[in-house]
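The chains carry the letters A, B and C, assigned in the order they are written, with residues numbered from 1 in each.
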Amino acid sequence: MLKKIIFKTFIILAISGISLNAYANSCKGDVSEINVLIQGHPAMVHMEKHKADFEKLMDLKVNVTTLGEQERRSQSRVDASTGAGAYDVYYVDEANIAEFVKGDWVESLDKYFPAGADMADFQAGKISIGNINGTNYFAPFMGGQDVLMYRKDIFAEKGISVPTNTDEMLEVAKALTDAPNMYGWAQRGQRGSGMNVWRWNPYHRGFGGEWTNADGSPNINSAEAVKATEYYMELFNYAPPGARTGTWSDQIEAFRAGKVAMMTANDVFGAWVEDAEKSSVVGKVGYADLPTPILSGGFAHGLAISKPGTSSECEKVMAGEFIGWATGKDMESMRLDEGIYDIARQSSASNPKFTSLMPDDFNEAVKATSPKTSLLIWKIPEWPAIGDELGLVLEELFSGTRSDIQGSLDEVQEYAIKYLEKSK
Amino acid sequence: MKKNLISNSIIFLLILFAITPILFALLGSFKELKDIINPIPKIIFSPTLENYITVLTTDSILRGIQNSTIIVGTSLLIGILVGIPAAYAIARYKPRGSNDLRFFYLSIRFMPPVAIAIPFIGIFLDLGLYDTKTAIIITYLPVTISSIIWLSIPAFESVPKDIEEAAGIEGCGYFGIFTKIALPVASPSLIGAVIFTFVITWNELLIALSLSSRNVTLPVVAASFTSLGFETPWGVINASAILLAIPPLLFVGIIINFIKKYISND
Amino acid sequence: MNKNKFILFCILPSIVILLIVVIFPMVGAINYSLQDKSLRFLEGDYIGFQNYIDMFEDRRFINALKISLYWELITVIGSLLLAILVSIILFEYSNKNYRILLAIILIMPIMLPKVSAGLIWRFMLSPVMGLVNAPLISLNLNPIEYLASPKLALFSVAFVDIWQWGLFFGVILLFLLETLPRDLIDAAKIDKVKKWQLHYFITFPMLKGSLITIALIKAIESLRSFDLIFTMTKGGPGITTETLDLYAYQQGIGLRGEISYASAMSVAMVIITIVIFTFIWKRAQKS
């Protein structure tokens, strides 16, 4: 057995770089199944539906485990940190990629991504999220940046123009609120680094806040962070009920149900909003650049090869093959055919199915916010815990169980210092 | 007549209170998302089976059903094999310290599940059992064994002693009396006890959520539907909530009879 | 096989299994609780009782203790009150022939998995699409944020628990009422005693023992608040519905992965519950 493995590894190393198929073919039959942990995002549900194609191609079985976002994060961490290694492929995102790389839990994808799957075709903003110190650790299948979405019909009716800065934005949100039928604004307040922190952060960073001081020490309780929190809290006055603990879907559903006049949201939601099957505001939505100085939060979700889960070279090769297939060009165009508009590839962005869906002002808005887009969260391995603590405290402030903004942020600062100290 | 009307409407309100939420979810499970998120609930809509099709073709749900069946079934079976004889011995022979013994079984139920789950993560990792069905089955044993014992003791207590004594005279051994006389006589109530335990185990979330990701049970899968991705698929959530509730609901008739008997025996 | 051997043969396996399955994790928990292990750093050092000391300086732990206590009180009292009300309604107003059918309907909620019940009620209480808020919305009023308001959230989740258990215990109390001697009730009726007087002075005092047992069972079951809270609020808004088991889960298994600290909380929880419930149980048995 050991001999066989050594022999196979040798062969693989010998022929690596020659051709994708020869490379994978030498492993065919060697790996009987691969286990994949995913979050049930539409693009992934779609992948699961078509997994038989890959199974046939590589003559193995693909077992997919689907979990919710938090559970997916904590279970993949347990699986990796304990060395349990039940999964060959992890679903990783902008919030935990740094942790996974630091823990040495994911394999470099540069080595195992099939050449035919064309890594260069990924959109730069999305692949870069999984790039740490020059090495790519994941292949993205979705991601995005922020734009301002507003109801053209309502703005026209009231003779209001699109706000260009945060002061105007607040006024407009106030002017358009006519509860309980119409709310001027929508945002989410539920705790979590992907929830309230995610939407609060573009203000925090936009107002000039930084995560660290010049010497690298944490700087979570800055004056800008306080200002951002105050501003964010004021916006809640014009948001639909439930927003203070709401999730992204509450935010989007309220907008799609026609109860919200304006919001900043991720561009991936553009397709949701224009989906006639599920949205009652199709064609009524305008898209614009973000009011200054709000920044745009770039993010991406992708698939990565688990180190503890792939002990043999062939397992790594097959995991790489799987990722190449699941994030490939064909897969994305199949998704577009089926009305799932999550993309991460340049080739898909120019696909007529994608470009014809969205109005011109959407494409212009995306272009306008691109230069303002970056990963705004703190890209350190300790982020999941610190982001969670920050999210909790923000939710307490939003829902009114605490009122001392400065004091609350001081507490998060203290937590971060302690946690970083402990993690050394 | 008027009095009748009043009492009927009170009863009617009570029924509404109990089942409106279930019916509302049932209705929601046949709706498209667009109809669900309408602020004023739509009574008239074109029903769709889409949600159920989605649920029943999702791998993780199917595996959840399979895992739940195996895990709950096995831990229940062990609970029966170990628990029923114990319940019988305590009910029939009242051995010394049987009151303390009863309290011991009950006190197992005081254990917070999270207090069992967290250390078991470490223990199962060391044993190489983490994220296996065996691990969850083992962790469910305290629940199944202790509840089956607790619920079966009264069932055996209500078996008339003289039947057993008569059998003893006819030469049946202790084991024979237990299997040939006591078990058949008590079995209707025992079935109730087992089903009660089944419901408790089937519905369990925390332990399965903590100890597993690949071998998760149905409640974990259903709970995870709420944070799938960007869109909360309320139709699908309703469908999976209903699906998850079907097995326990199938047994309401048996349970109610069990309760009635349990109480009138007292 | 003699009698004692037979008894031992019957009882021993259950004791052995239960002891193993309970003692192992308890020893494990105590062992972890004295270290500083986390799921990110599996090699831990022994740090004495530091985790226990930290616990009492941790505002979330103190808060969770408080919320757990509130949860116990609200759900136990609420379920009992609803149960008494329901049993009297059924006893007085329902036709005997249909009672079993009514009982079947009324115990449906308790049969629902907590996950289902939580999801169903989250849907019912939603400010945007919920049935409960529909009348307000159609009257052009602001919907009530049952799960997002820090003042209401705990009560809303507890309400679902009470909906499940109160109806169930109501059916049980009905059956218990039926076992009471009929002539006593008839005699009272002839004396034109009002219904509430009958129940307040006669029937329920007779059921005192059963009521105490039911309260105790509910108190034990209320310790398992996790499933419902996890599906409905995940502890929010803020930490206003964060009970001990939910907090221990969040710390130990959720995003933080602090298993040592969470183990210390588990140990504390076990000690608190066992001491309190043993005390109550022994007291209840005496009376």
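Keep this in mind: a contact is a pair of C-beta atoms (placed from the backbone, for glycine too) under 8 Å apart; a residue touches a chain by one contact, two chains touch by 3 or more.
For clarity, every value in this text was computed on a predicted model and none was experimentally measured.
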Q | Selected interface, A-B versus B-C, where C-beta contact pairs are more numerous | A | B-C
Q: Find the chain most remote from chain B, comparing centres computed as mean CA coordinates.
A: A
Q) chain A to chain B: how many Å between their CA centres? A) 38
Q: Please compute the C-alpha centroid of chain B, do the same for chain C, then give the distance between them in whole Å.
A: 16
Q) Where in chain B do residues touch two or more other chains at once? A) 37-39, 121, 209, 223, 226
Q.
Multi-chain contacts only, two chains or more: what residues does chain A have there?
A. 70, 78, 82, 250, 253, 257, 259
Q: Send over the residues of chain C in touch with two or more other chains.
A: 128-129, 137, 253
(Q) Show me the residue ranges of chain C that touch chain B in the complex, using the header's touch definition. (A) 1, 3, 6-7, 9-11, 13-15, 17-18, 21-22, 24-29, 31-32, 37, 86, 89-90, 92-94, 100, 102-109, 111-117, 119-124, 128-129, 131, 134, 137-138, 163, 167, 171-172, 175-176, 179, 220, 223-224, 226-227, 230-231, 244-245, 248-249, 252-253, 259, 262-263, 266-267, 269-270, 273-274, 277-278, 281
Q) Can you list the residues on chain A that touch chain C in the complex? A) 70, 73-74, 77-78, 81-82, 99, 103, 179-181, 189-191, 240-246, 250, 253-254, 257, 259, 384-385, 388, 392, 395-396, 398-402, 422-423
Q. Which chain B residues qualify as touching chain C in the complex?
A. 6-8, 10-11, 14-15, 17-22, 24-25, 28, 36-41, 78, 82-83, 85-86, 88-90, 93, 95, 101, 103-123, 138-139, 141-142, 145-146, 149, 173-175, 178, 199, 202-206, 209-210, 219, 222-223, 226, 234, 237-238, 241-242, 244-245, 248-249, 251-253, 255-256, 259-260, 263-264, 266
Q. Okay, in this complex, where on chain A does chain B touch?
A. 35, 37, 39-42, 44-45, 48-49, 63-71, 75-76, 78-79, 82, 84, 86-87, 247-250, 252-253, 256-257, 259, 268-269, 272, 277-280
**Q.** Complex contact set, residues of chain B against chain A
**A.** 32-34, 37-39, 57-60, 121, 125, 130-131, 209, 213-214, 216, 220-221, 223-232
